[in-house]
């Protein structure tokens, strides 16, 4: 079945309608307004929305029913992601429900499942991801943080970086080195660390958008119960790859791009230059058409993968294509926004990013949120394996070069 | 609704691809290019025998009742094998005009003839060389006189009939015109990808009222051109698949500075981008064809996006195929240059990227919603 | 004609670059960014003492009689060191307006003060937030009343005087306005590259006839904006040089997957393209400055080309500098993001690429000749 | 001195004026018309124009006076190239006057100078370049054609390819392998081969523009007098590099791009679409502006190199920049031409490329010449070392990567 036929399947359309209507009624207006204005979200904003989803039973819709999920297919999950993003819902922070949870219910012990899954589902436990290190950005096999077994504990020393929202986190799932023998990948283990443990220090990293999402996490003689090792020692690399495979079908971020395109369109209608709206300028019109065409094409590519997944095939490394196309489209969209704003001068009034801020805007009122989005999204081609690495993967694994 | 199932289409694709691989090799094609016709009448007869020419013609006219999706399968294979035969003008345009706008007599006369390979038809529409001089139809007793000029008439030299777009009392109309009728002049040349093409002059050409296609109006023509744009996208996808395959093979086998050139990261990433572009063009093309076929309200949007993206992909794949081949890519003896020139033409047929993007931009400025169910 | 020789300019560049390297390091700059002013009054005093602020001011006004070429040397170093001080609005725009359009009294009052670092001035011209509401000057007894709004006034918070572009009886005029005059309201924020910037409202602001710059007409403003565009190009060239240098150093030292990332061919070619873009922007910028300085008839053409090409280069270099750095490039602590944001702003000041290309395209359509000797 | 000041130097302007006026009067109209229409030039067209230049003393203006030249500086040579190209003169075939000649007068014996230089100057001898081989495109160190010494002859066996205009050539200068010891570069020698020698076979290669510029040259037991060895055995690689250095400052082809821009502009004025000239379409206007800006910038870059050369510095490998920018601009220009033609359909009426052809054009009359130029110029980023190789050179030699 072609992706487009699949999308017009009545059951699928009904599901899409359910999610859309739910967002219309259940997504709090203040949160939605912040998201659409590109303003700062507090931890409580995320938690509030995630608890609403939890109450609906959708926060872990893609989990198996036995763990509290709905057994959603990849297609349903993609539709959920698509519709919530378009509705202006906050980013569904994935560290618990998409990353830690699936690894724990797949590879963890019964005790670990009992202990960690409920807090993940309810967002009562906030998770962060301890993968990257200063010396190992996209090169995870080069991880240096060491975990040395000492009785029924591991003693962990090292440093993690680019740790998103670690400042709010209760738990961090990490890749740590438990052995230096053999291939570098084989000495890596998957360990869950309580962020309140002595020896854990979180240092904020301000990013170029002047915001604080990222952190360094220093681990100095942190004693982690051996019970927090997921699966087997030395198999952490395998679990991390499992997790990546899980997530790849969402890599295109079609929902986010749809929201950005809506915002761009509105901006082009709103900004006047030389007596006409930018939307009436032939160059802007063509550029808007180009971005629309790319989005439609990206959706078509996604739908093909989703149709294949729906038919039972497991996507392989070729799905790196979605990460490349999706991230480059996002940057195309935010770049266009900034170019539209530039007609009136790029004023970046960061206090206006706080929802409580009341003073008159200097320059265009759309500017702060859009500039923030643009600056932040320079990272979309970097995180999760740079687009250069994604192209290496495709060259090797798909083209056989 | 198409008479074909998904499985039927797969079998059709397999059978055409097998033909292309086995019977339409480089030497065969080189001989066709040297021939006077510039395409192969014997292959055309074979296509008819295999049922391909009637693929989108109604069963009551001797066809097999398919539609755009089946034509696209055929066109994709035509791109893959660089077929030289008049599939686009005869099957997509002329048969489409007759099926959609012809009367029973016209359909009965020409559609079986097309399906059986007995007649080649083409369409002469928006003048390609001078839109300042449309073809004007003036009423006479029992008919009309046609005057004017049309450029870029594909396969005009081989056409048994030319369906000419004319202006009649300010409206669009279509007439069947015989190329041997008094007052018809054709001048022949080739397109950049070696297809026969003609300029057509009509000087007081007398046509009967019965030569008019009763349903041949602007809306029919718009639908035809949308279908043709997607047929061209499908052909481009096939050509890109083949060009990428050739280029990838070359990267793997050609060595320079002691390594296969495919071991150089810059070549690898270029090849990845070519492959992604093709993948994107293919996905949006098939999505648009699905939308047209099922009457999805997004069909026009998706068609514009498909032609824009496949044109952009065609440029990237065509140019970089030559570049990655280096000198050998510049030779007429090697196939890649033929793919390049075909992609050059396909990029431009039925609207280059900019034209579609401008429309898409206008629709988007007017509103984003309404195209989803 | 400039009072500077080529050798003078070289020495000037050396001296500014030395200052930037030695006295304007990252920590110094970080402290400036945290300050209320958003720039450094003590550095400004040093620039005055070193003679830089009077570089393009006439010798009779206490300057050293240079011109655009010398300002460009200064701006290039400002880009290299990401200087935060109001060089562009005070030296290029305000001093330029006064030198070109002020009367003797106005020049005597303000130009020495600028050269000595005692006064900071800025220019409020085409409204950045709403070109639907220009500032209107209405005659009164002995003067005028100004009403309207101007956006994007660089360094408005620090300005001792603001030269405001107004509409007076349908013509462009420039007035000196004190920011503390009754009816003047300023609201302050920062640009994307952390420069102070303000919106300015004028509500029945009374100005004297003597506050008008007699030569402040549309043609003066056009010349000023041409000079400012080139000053911005020079600043962008300096910022690109520094960003490329930082990125190249990073490529050489950072290792990943067991190799320096600069050993990967894709990174190498990207860096080459960044370097070529910078080289091209630099060459066309200096050519345009030479043409403006010598009254070459190609000056307008070259200026448009310079701004268009340096804007395109700024985008490539800025974006790819971040990309090649990876995660570290996203942090405020590391310099490259500051270069990126500065390049973002410079790209847009005094006409983004498209605006200049449209003019250049129009001139080219009108004729290719006439710009050569 | 800035390049732009240099260009306005009165002596330089006078020289430019001399060349321009000479072209206006001395360039035969029929030849110019063929060039501007993109039609086929016959050997006699090239020879006729080169003899006109020879009579003027300009054909080898860049040679030293002692060999019949004018001691032109690199700047004068660039101006000559620029003005003749813009005037619609045929390509100054470089194989004799730019390639073989300078190597012979620099490294050749007195007897070789006496024997070969006069024919080069007068174009009575037509030369071609035997460098590339089927297995060695841009990788000249990999040359396999062998020259084995046999008494006072070399016996040459091998195959050359991409040999431009070999079908007209009297002589070919070649790189041949005389030794397999040591580094591959060190076994290469510079040998002059008479194309009429037994064992030389020229086979045409038709290129994708349907034209015949290129050839394969087969060398089967060709006996070449040892007197035809230039310089020392094993130093051919050095001589070839000397020659490349010589030519690099002309790599930008500013004159050719200027001519193409003029032709593009005229085409945009001539082609009507939807009731207006393409030149009045905002998209075309911006694109024309973009190409103009690139040309002006390229000229500025060239002028900086020329000013440096004028001041006595020898350009190094950084001049690869000119090849990259120049070739990509040419492709940008011919690509724009083809896009303009495409509005009316890409008819490639190859018989119209023959100057004598009289029938009515099918499609646009500009099309055949422009399509031919476009197809032919796909090679500008390939020959003389692909642009990928040029970027490798810059990365290594200039950036130190």
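Should a chain be cited, it is by its letter among A, B, C and D, assigned in written order, with residues numbered from 1 in that chain.
Operating definition for what follows: a residue touches a chain if its C-beta (ideal position, glycine included) is under 8 Å from a C-beta of that chain, and two chains touch if they have at least 3 such contacts.
Nothing here was measured: the structure is a model prediction, and the numbers come from that model.
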item	value
Co-neighbours of chain D and chain B - touch as defined	A, C
Chain whose Cα centroid lies at the greatest distance from that of chain C	B
Chain pair showing more contacts of the two, A-C and B-C	A-C
Centre-of-Cα separation between chain C and chain B, whole angstrom	53
Whole-Å separation of chain centres (CA-atom averages), chain A against chain C	38
Distance between the centres, which are taken as Cα means, of chain B and chain A, whole angstrom	42
Set of chain C residues in contact with two or more other chains	264-267, 269, 354
Chain D, residues touching no fewer than two other chains	282-283, 286, 388, 391
Chain D partner contacts - residues on chain B that touch it in the complex	128-132, 151-152, 187-192, 197-199, 256-257, 264, 266-267, 319, 322-323, 326-327, 329-333, 337-338, 340-341, 344-345, 347-348, 352, 354
Touch list for chain C against partner chain D, complex	6, 248, 251-252, 262-263, 265, 267-269, 271-273, 275-276, 279-281, 283-284, 286-287, 290-291, 294, 296, 301-302, 304-306, 308-309, 354, 356-365, 368, 373
Residues of chain A defined as touching chain B within the complex	1-5, 7-8, 13, 258, 261-262, 265, 268-269, 279-280, 282, 284-290, 292-294, 296-301, 303-304, 321, 324-325, 388, 391-392, 394-396, 398-401
Interfacial residue positions of chain D with respect to chain B in the complex	132, 136-139, 142, 161-162, 205-208, 210, 214, 272-275, 283, 338-339, 342-350, 359-360, 362-364, 371, 375, 378-379, 381-383, 386-388, 391
Partner chain A, residues of chain D touching it in the complex	282-283, 286
